[in-house]
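I'd like to ask you about the structure that follows.
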């Protein structure tokens, strides 16, 4: 939303963003995969865990570099930090990085000029992809924090995924909940995302209904009802 | 939604679908009933359980045959699998089959040319029917998985129905929750449906309000307010 | 919704409804009060409990009589049962009776010709009144079922109210939940109402935003943005 | 909503409100900070707790004075109490006072004449600020009630914040819930706010989608679809 109100980005910034979008998306998925290996690899597989940690660090460095290039190309300096809040957050919390898939998706859509009817399908696809990526990242982060905590109810990665699903849908059974402060901070972030996901599903359904309805209005001659 | 953007189906496919719609709907309810007998019949009633299993298998075969006929008649080949996602899912998970009631409902509505005011009533009826069928199917599936699991909190079919209601409405008490991996997979599906149900209820209420409002606008002369 | 699509009610039916609306509303609140005394009076107060039971029975009879008169005046016979679903449900489950406050409210509004801007305030007032009445009735019914049940977590009327609030808002802590079949049936009804309440709040907020927005559009000349 | 339908406030009232808005907002944040010190200061820090209590009392007196001045300036007398429900509530429950930030925000926006596109951003910012302030105030109040209660599951301020997050998002795990009557009353208020927050998020998402959609409609020539 905020992107529309901002001044038009300089051409070089846009060119940079278009060129690095696909590689950076691949890098962000690599980041997630590396983090997953780091968390889920058995304690014995020391080599693979170290390799994954190195990969994660290298990709993060890549993200920071890209952010720096974009700050410079935008010519906005510090204002870039404020006007591109999501980008800044994503550099600090790279597990949220895959959310930039949404940006790529929009770019692809605009090139293909898809018919407008798929707007709701697009929102649903966004929400679905975001839910899966966020849920997976949160499961990993919470599992890493909780697995060795005393009195934890999240003891396996399966428990963590189960907890993430119950949280994202705002069902919240409470049979598996984080008990460590770090795990709870991740959980609060996931709850907020669940609220947003609910908003996206509800909102797109609502606007779809309104559209179907107004189209029916146009087709029929206005009756007395 | 996707049906509108797709190319118009060949006439023979439409004729086939219209002819088999009611029989297949009856078959899908028979499938659900057979599955219910299979799960709920007491251990002693071996004959009835076998009969129900045979019935379930036979109806499933029927669904696969119908799917094959429609793929051929559509002339789309493999693209049919992608463009008719719900149908494909329903062949793989026949417990979801009764959701096709919605299709039948739409067809019946279009023939009768119901007044448009009932759009919200229709959406509510869809959501209600879908909730009841999904909740019943999920209760059966979860009960089958959980009843003999160690440490399970879902021990009777009543518990399973209670759990399904708390899940579909996203209340999620957590006094009865699945503990087996298979039961949890079913539960995640039901949670997603609960989110959709919430979206349907909220969305149709929202668009109903907007309609009432815009109709009031039309009636009165525009005031200064 | 259904009232608009139905044929116009005969004049005598409307006259009857207008005349009995206020007395019947008072009777329904009396019914709720009588039921509350019946449930909440201490075991020693046998006289008051009997009196309350008699009152509840008498008011119920009144409701049945009114329903009979309306069926006859409508001239619809059995079709009345189907076309007035809420009324029929309310005769069978008189604890839901106070929901007819909404009807009265609408009638009063139409007489006073309130400005349209209060539509959202009206919906919110409806939802609020319905939530309070339903929550109170469900608390009473659940408390009556649960207080002597073995293993119950709802032991006092305060617990029942607390449970009802957590259920209506779909929070669902699960620290107090019904364990008897009858209590759970009441709970499922309340969950469905919570879903509807959420839909009402969300929907009216959504349509209010859309209205504010379209009004801002009208005021300003269309800009390039 | 109600402010628009009310009669225009006298000029002196508006001037008073504009003049005291910023100081009172600062005072309300001071009130919250003082209450936080009162609740969270260790038992040994008697001096700071007394100072905080004195500060809280003084600020409350300020609020009551401001309310009195506004009642007099409005010239409405007792009707002011009814037509300014939020203001009255806020004087009685000063922990809700920071919600008046929303009023200030609106005033600032109207002066700056922000572009209309930021309406959704504004609603989101409102909802976010309200959620944080309400969650913090409720955490403090519940922690004060619960920390010494027998059988309490909220034992630290961290638990209280965790509980508040799970409640505001309607997730409701139930691993930490208030057990005292006073704590539960606060909780019910927070649940209602969670419902409203959900409504705000969903509603603004929904109306944003509708706007994006209608804008796409304007850009393209109307097709046959």
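Letters are used for the chains, namely A, B, C and D, taken in the order the chains are written, and counting of residues starts over at 1 for each.
The rule we apply is simple: a contact is a pair of C-beta atoms (placed from the backbone, for glycine too) under 8 Å apart; a residue touches a chain by one contact, two chains touch by 3 or more.
Bear in mind that the values here come from a model prediction, so they are computed numbers and not experimental data.
**Q** Weigh A-C against A-B on C-beta contact pairs and write down the one with more.
**A** Between A-B and A-C, contacts are more numerous in A-B.
**Q** Can you spot which option in A-C, B-D or A-D is basically B-C again, with over half of the contact pairs the same by residue number?
**A** A-D
**Q** If you average the CA atoms of chain A and of chain B, how many Å lie between those two points?
**A** 29
**Q** Express in whole angstrom the distance between the two chain centres, defined as the mean CA positions of chain A and chain C.
**A** 41
**Q** When you check chain B against every other chain, which residues touch at least two of them?
**A** 4, 115, 117, 120, 170-174, 198, 202-204, 206-207, 210, 225
**Q** Touch graph of the chains shown: is it line, ring, star, complete or other?
**A** complete
**Q** Using the touch definition up top, name the residues of chain A that touch chain D in the complex.
**A** Touching chain D: residues 1-2, 4-5, 115-117, 119-120, 123, 167, 170-174, 177, 181, 184, 187-188, 191-192, 194-196, 198-200, 202-204, 206-207, 210-211 of chain A.
**Q** Hey, which residues of chain A end up touching chain C in the complex?
**A** Going through chain A, the ones touching chain C are 4-5, 170-174, 202-203, 206, 225.
**Q** In the complex of these two chains, what residues of chain D are touching chain A?
**A** The touching residues are 115, 117-118, 120-121, 158, 162, 165-166, 169-175, 197-198, 201-210, 212-213, 216-217, 220, 225.
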